[in-house]
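Letters A, B, C, D and E mark the chains as written, and numbering starts fresh at 1 in each.
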Amino acid sequence: MITLFGVGCLVFLVVCALVVARTRDLLAATVVFAAYSLVMALVWQQLQSPDVAITEAALGAGITSLLFLLAIGRTRRTEDEEG
Amino acid sequence: MLKHLPVLLTVMPLAGAFLVPVFGRSGRGHRMALVTVAVTLLAAVTMLGITAGGEVLRYRVGDWPPPWGIELRVDALGALLASFFALVYLAVTIFAGRDIPGELNPASVHWYWSLLLLLLAGINGVVTAHDLFNLFVFTEVFSLAACGIISIRDRLDSLEAAIKYLILSAVAAGCILLGIALVYMVTGHLNLSYLAAELPMAARLYPKNVLAMVALLTTGFALKSALFPLHVWLPDAHSSAPSPSSALLSGLVVKVGIVALIRLFTTVFTGPVIAALPVPVFMIVMAVGGIIFGALFAMTQRDLKRMLAYSTVTQVGYIYLGFGLLNETALTGALLHIINHALLKSMLFMCAGLFIHRTGKRRIADMAGLARHMPLTMSCFTIGAMAMVGIPVTNGFVSKWHLVLGTLHGGQPLLAGVILLSSLLSSIYYFPVVVAGWFGHPASPPPPGPEGPPSMVWPIVALASLCLILGVWPHLPLRLLGDVARTLLGR
Amino acid sequence: MEISLGLFLRLNYLVAITLFLIGLHTMLTHSNLIKKVMGMNIMETGIFLFLVSIGYARQSLAPIVDQGDGVIYANPLVSAIVLTGIVIAVSTTAYTLSMIVKLYERCGTLDVDRLERLRT
Amino acid sequence: MRHVPALLLLLMVAYVLFLTMAEAPAFGVVDVPSRNLVVDRYLDPDPEETGVPNAVARIIFDYRAHDTLGEATVLFVAVGAAAAVLVGRPGPFATRPVTGTDDPILRTVARLVIPFVQVYAVYVITHGHVSPGGGFAGGTILGGSFVLYLFVFGPGRAARKLSPARGEMVEGLTALWYILVGLGGLLLGASFLANAAAGFPLGVPGKLLSGGAIWLIGLGIGLKVAATVANLFLHLAGES
Amino acid sequence: MQQAFEFPTAMPALIVLIPMVGAVLAYWVGLRWESVRNWLCVLVAGASLVLCLSMYPFIREGGVVVTRLPVLLPLGLSFRVDVLGYLLSSLTAAIWLLATFYSLDYMKGEHGVNRYYAFLTLTLSGALGTFMAGDLFTFFLFFELMSLPAAVLVIHEETREAVQAALKYLFMTIGGSLFFFFSLVATYQLSGSVALGTKGLITVATPLSFLTFAGFLISLGVKAGMVPLHMWLPDAHPVAPSPASALLSGIMIKTGAYGMLRVMYEVYGLEFLQRTGWNSVLLTLSVITILMGSAVAITQFDLKRRLAYSSIGQMGCILLGMSLMSERALTGDVFHFFADAVAKSCLFLCAGVILKRTGKRDIRQFAGIGHLLPVTMACFTVSALTLVGIPPLNGFVSKWQLSLGAFDAGMPAYALALLASSMLNAAYYLPIVLTAFFDRSVQKEAPAVGVALNPIVKKGAIGWQLGSIEASAIMLVPMVLLALSCAVFALSPQNWPLRLAEMAARLLMQ
C-alpha cells in the first residue's frame, strides 16, 4: 500500500472530500462524489478486499450518486438560496 | 423450544414486519402487528420466568462458539426490560389501531405497522445482544425505524424533525462505529466477554486508544438516548410524531441507548484503567444539566406534547444520574425508573393522543374542562402526573426513593436536592394541566358520543392501573433489579 | 522525527481520520440538507477506510482461501463489517434523501436556518 | 462565524484521534492484536466447516449471519420508511424530473444492454461465495438494470413492469426467505441460522452449489437488494 | 424507660380503611341518591369516631395499639397509636363528624356536591392515618393522602381565585412534601430505620443530620403555617367551603405541628436539639409566627381571612409550647391542640352561617347581626373568648399551662409572648363581637335576598327587635356542641382531655 499509486489515491480522496465540502453547486458535488467513490473502490482493491471494492463500486458510485442526482432533480440544483 | 427464545425474541417481530407488506395491505396489518407483539410478549415473559432465578440464557447463533459466532445473552435485566417493553408495545399497538388511520394517509398505513414491528425487533436485538457489532447493527435498525414512524406523518414539522433526528443519529452511528473500529484494532475481539478479558492488557499498551474508544461509544449512545447537551432533536421529534409513535419514542426508544451503555459499562469497561476515567462524573454533570433544563423548558411550553417531550429529557437525566453514581441502590433506582418511565410516559402520550383525537386541539390552554366529557382519560393523566412528581402511591415514587437513597449512599446530598427540585418543577408544569382539566370551563362545547373508542381508552386505563399496582407492590421488579444491580456492580 | 515517521507509516489511518473529520464538519456546519447527507457519506467511508486498513497486511492476498497454507490473507472480518456498514450507509442516505425530497415539496427550501425561521 | 463551537469540538476530536493514531498498532504488519485466533479460524484453509473458499462470504452468511440479517433489516426499514414518506400527497413545490425519453438511440441501446447487465448480475450473485462479489453487489447491479429501464422508459412503463405493491411483496418475501433458511437450521435441531451444524449439504468447495445455507441466503439477499433498489427508485421517481 | 406494652390489633388499619372505602362508596352512591350519600358520609365519620374511642381501654394504662403491614410499598406500613395519637385521632373524628353533619345543610343546592363529600371523607382517612402512623414513612404517605384531596376541597368554587389559591396550595404542599421525602430518606440512610416510638433515632450531629432536621422543619412548617412558609394559608382557607376550611384550620394544619412533635421528641430527642441550638431557632420562629399571624389578622376585614391569620397565630403558640421543652409546657401544648381545634372549627362554622344567611364577608358590615343570628353569634363569642384565653374556657387552661411551662423552662420572656398573643387575639376578635351585638346604627335594609326566614326566637320574646334569620337546626347543633365543649371541659372537675395531655407529655418527655 506504500506504493506511489496508493498514496496518490489517498491524497486524491482527501482533495475530493474537500471539494465536495466546499463547492456550492450540488450537481458538481455529486459528480466529484461519484469520482470519490470510484477511487475509494480502487483503494479497497489496493487493500486486498475485493468484496468491499465491488460493493463500494456498485453501491457507492452507482446507487448513491444516482440517488443524489435524483434528489437534486426533484429539489434545487444550487445550494445557496437566492431570494 | 425454550432454548431458542433469545433469538426468537428478535426474529418473530422481524418475520411479522416482513409479512406485513405481503399480506397486511388491506387493513389486516394492524391485526398482524397485534398478534406478533402478543407472541413476543409471551416469549419475553417466559424468559423472565426462566431467568428470574438469576440464571443467564446464553444462545449461540448458528452454533458457532462465541469469539467466532455471535452470542446472545439474556439475564434477568434483559428479560425484565423485554417483558415491560413488549407490554407497553402491546398497549400502544392496540391504541394505534383507531388512532393511526385518522392521522396518516391510507397508502402508508400498512408501512406504519411494519415499521412498528421493526422498531420492536431493533429494541429486542439491542437488549439481547452480547456482541459489539451486532449491538451497532440493531441500534441502526431501531434508530431508522424510530425515524420512520416520525416521518410517516408526512407534515412539514414531522419531516423536518425526522431529518434532524436521522442526521444526528447518523453522527452517533459514526461515533459508535469508529469506537468499535478502535476497540477491534487493539483487542481483536467483538464479543463482549472476550473484549472484557482483552481490554486491561490493551489499555496498558494503547491507553489513548482506549480513552478515545470509551469517549466515542459513550457520546454515540448518549446522543441516541438524548442525554442533555445532545437532546436537541428530541422535543421536535417526539411532539410532531403521531401520538402512538411519540409514546413509543419517549417510553422505549430513548431508554434503549441507556440499556446499551449500562451493559457496556458493567460488562466491558470494568478494568482499573477505565475506572479511572471520569466518564461517570461527566454523566452526572450532564444528567443534572438535563434535569434542570428539561424542567425549565417544559414549563415554558404551550403545546402539550412538547411539554411531555421536554419532561422526557428530565427523566432521562434521572436515569443517567442513577447510573452515573455507580452504587447499588442508585443503579436499582435507575433501572426501575427505566421501566416506570416507559409505562408512565407512554400512557401520558396516549392520553395526549386521545385528547387530540377527540378535540383536535394540542395547546395546554385548550385542555380546560376536558375532564367533563373525558373523565377516565383525565384521571389516568392525573395518575401519570402524580407519578411523574413522585407521590407515594405511584410507581414514580418507588424509583425516586431509590434514586434519592442512592445519591445519599454516594455521599452527594446536593444531587438529592436536584432530584427533588426537579420533582417540584415537574409538579409546576404538570398540575396546572390537571387542575385546568378537572376544574376549568371548556371553551367550546364537547363533541358528542362516548369518551373515545374502547380500543383507545382501555390501554390507557390498563397502563395507569399498572403504574398504581407497581407503586403499591413494587416487590417483583424491585427484588429482581436489586439482584441484577448487585451482580452488575459486583464484577 | 520519530512521531512523523510513525505517522507516515500509518498514512492510511491518517487519511481515514481526516475524511471522518471532513465528513463530520460538513454534516455539522453546512446548512444545506443534501450537503449534510454528502458529508455523512464521506464520514462513513472514512470510517470504512480506517476499518479496512486495520485488516491489511503487506504482501497479503484477497481473503479467498484457495492457495493452500503458508500464505498471508487480508483480515476478512473487517471486510464483512465494512460490507454491512456500506449497506447501512446507503440505506440511511436513501431514506434521508427521500425525506429531503418530500420536505422540499412541502416548503420549497433546503436551508436549515430558513426552515427554522419558517417553523417558529 | 457562528460555527466556532462546532470547529472547537472538531479540533478537540481531531487532536485526540491523531494522538491515538500515533500510538496505534503499525499499519500493514501481521503481528497486530486483531490478527488472533478469531481470524485464523475464519481463514482456515480446508473449508470443511463452511464449504466456501471466500472467507468474507463465510463470515457474512455463516459465522456472523445474524449481523447480515440485521443489515438486511436496515435496508428493509430504510426503503420501507422512504416508501411510506414518498407515497404522501405531493406538496406545492413538487416536480417530476423522471419522464423517460423517446430518443431512439437511448431506447435501443438500453434494450440491448439491460439483458447483459442482468446476466452479469446473476453471475455475481450466484458466484458470491466462490469469487468476490456476493448478494449485495449482485443485487445492486440487478436493481441498477431496472433503474436504467426506469430512466429510459419512464416510471409509467417501469411501474407496469414491477408495480410498487408487487415490489414490496417481493422485498417482504425474500427477506422472509432469509429468516426461513435460519429457522430451517433451528428446526433441524441446531440453532437459528446454523449451516453445517444443521446438516445443510456443503457440497464440493469451489463449485457453484457448495456452501449449503450460504448459497441459499446469498441468492435470497441478492433478490432482496434488487427488489429494494428497484422499489426505492420507483418511489423516488414519483410513480404515483 | 418503661417500654409501653404493645397491643397488636388491626384497629388502626380498620379506622383508616373505613373512610377510604366510604369515600369511593359515597361517590358511587351519590351519582344516584343524594340523601343516601349524605347520611353515608355522616355514618362513616361516626363509625371512625366510635372505633377511635373504643381504643380507650388499651390507651388508659399508657399502652400502644400497633399494626404492621410489611407488604405494602417499599418500606411497609405500620400504625402505632399512643396517648397523643389517640387524643388527636378521636378529636379529628369528632370534629369531622360535626363538620360533615354541618355540611348536610350548608352544601344543599351547591355545585359539585358529590365530589365534595367524597374528597371530604378521603381527607378524613388521610388525617386519621397521619395521627396514627407508626413510622415516618406511613406518616409521609397519609400526609400526602390528606394534602392532595384537600386541594380539591379548596378548589371547590372553581372561580379564578379558587384555582389560583389551590395551585399555590398544591405547589407549596408538594414542595414541602419533597423536603419531607428528602429527610425521610436521609433518616433511613443515617439510622437505618424510620420507626417512631424509639427514642433518638439520630443522635450524631453531622451536616446530613442538620439538613435532615431542616427538611423536616420546612416541610412540616409549610403544613403548620409557620411564618415564612404560610403564604398558602390565607388564600386557601377563605376560598374553601366553610366546613372544609373549618377542617383545614382545625385539624389539617395540626398534622404539621404533630409531625414536629414526633420528629423533635422521638426522631431526634431533646438533648440533640439543645446541643445543636435548634431549640432557639424554633423558639424565635414560633414567636415570629405568633406576632406576625396575629398582627396581620387585625388588618384583615374579610372574616375568613382574619380567621386564617388567627390560625397562623395559634399555630405559633403550639410551636412555642413544643419548643419550650418542659413537661408542663408540653401538657399545655397538647391541650392547646384540643382547644384550638375545637374553637377554630366552631369559628369557621359560624362564619359559614353568617355567609350563608346574610351573604356578608366584610366585618365592617356586621353591625347588628347578633340580633339576626343570635345563636350563631353566641357560639362565635364563646369560641373567640376561648382563643383569647378568658379564664373559664379551654384557652385559658392551655395558656396557663404553657406559661407555667415557660417558667419551668427558665425562659419567662416567652410567657410574655403568650400574653401578647392573647391581647392581639382580643384585638381582632372582640371588635367583631361588639359590632355584632351592640352596634344598632345600621340594620334597616332587609337581609340577603332569597334567605328562608324561619324565626326560632320570636320577636319581642326577650326584647329582640327583628325576627332572627337563624340557620336550620342541622347547622346549629354542631356549632353549639363545639362551643359547649370549649367551656364544659374547662369547668368540669376532672378535665378528661387535660389528663390525657398530661399522660402524653409524660410519655414524650421520658
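Miscellaneous remarks
Operating definition for what follows: a residue touches a chain if its C-beta (ideal position, glycine included) is under 8 Å from a C-beta of that chain, and two chains touch if they have at least 3 such contacts.
All of these numbers come straight from a predicted model, not from anything done at the bench.
The minimal number of chain-to-chain contact steps leading from chain B to chain E is 1.
Contact with chain A and chain E alike is made by no chain in this entry.
Ranked by how close its C-alpha mean sits to the mean of all protein C-alpha atoms, the top chain is B. In terms of C-beta pairs in contact, A-C outnumbers the other of A-D and A-C.
Note: centroid distance chain C to chain D, computed from Cα atoms, is 17 Å. With centres defined as mean CA coordinates, chain E is found 71 Å away from chain C. Note on chain placement: the centre of chain D and the centre of chain E lie 75 Å apart, centres being C-alpha means.
Chain B and chain C have CA centres that are 29 Å apart. Taken residue by residue, chain A touches two or more other chains at 1-2, 49-51, 55, 59, 63, 67, 70-71, 74, whereas all remaining positions touch fewer. Contact of a single residue of chain C with at least two other chains is seen at positions 9, 11-12, 20, 23-25, 28, 37, 53-56, 58, 62-64, 73, 77-79, 83-84, 86-88, 91-92, 94-95, 97, 99-102, 104-107. In chain B, 133, 137, 140, 144, 147-148, 151, 154, 159, 184-185 are the positions where the chain touches two or more neighbouring chains simultaneously.
Each chain pair that touches appears in this list: A-C, A-D, B-C, B-D, B-E, C-D. If you check the complex, the residues on chain C that touch chain B are 20, 23-24, 27-28, 33, 36-37, 40, 43-44, 47, 50-51, 54, 77-78, 81, 84-85, 88, 91-92, 95-96, 99-100, 102-103, 106-107, 115, 118-119.
Residues 3-4, 7-8, 11, 14-15, 17-22, 25, 59-64, 67-70, 105, 107-108, 111-112, 114-115, 118, 121-122, 125, 133-134, 137-138, 140-141, 144-145, 147-148, 151-152, 154, 159, 182, 184-189, 198, 202, 206, 208-209, 211-212, 215 of chain B are the ones touching chain D in the complex.
Residues 27-28, 54, 56-57, 95-98, 124, 132-134, 136-137, 140-141, 143-144, 147, 229, 233, 236-238 of chain D touch chain A in their complex. Taken together, the chain D residues at the contact with chain C in this complex read 3, 6-7, 9-10, 13-14, 17-18, 21-22, 24, 26-30, 32, 34-35, 38-39, 42-45, 47, 53-56, 58-60, 64, 67-68, 70-71, 74-75, 77-79, 81-82, 85-86, 88, 90-94, 131-132, 134, 136, 206, 225, 232, 235-236. Contact residues on chain A toward chain D in their complex (touch as defined above): 1-2, 49-51, 53-55, 57-59, 62-63, 66-67, 70-71, 73-74.
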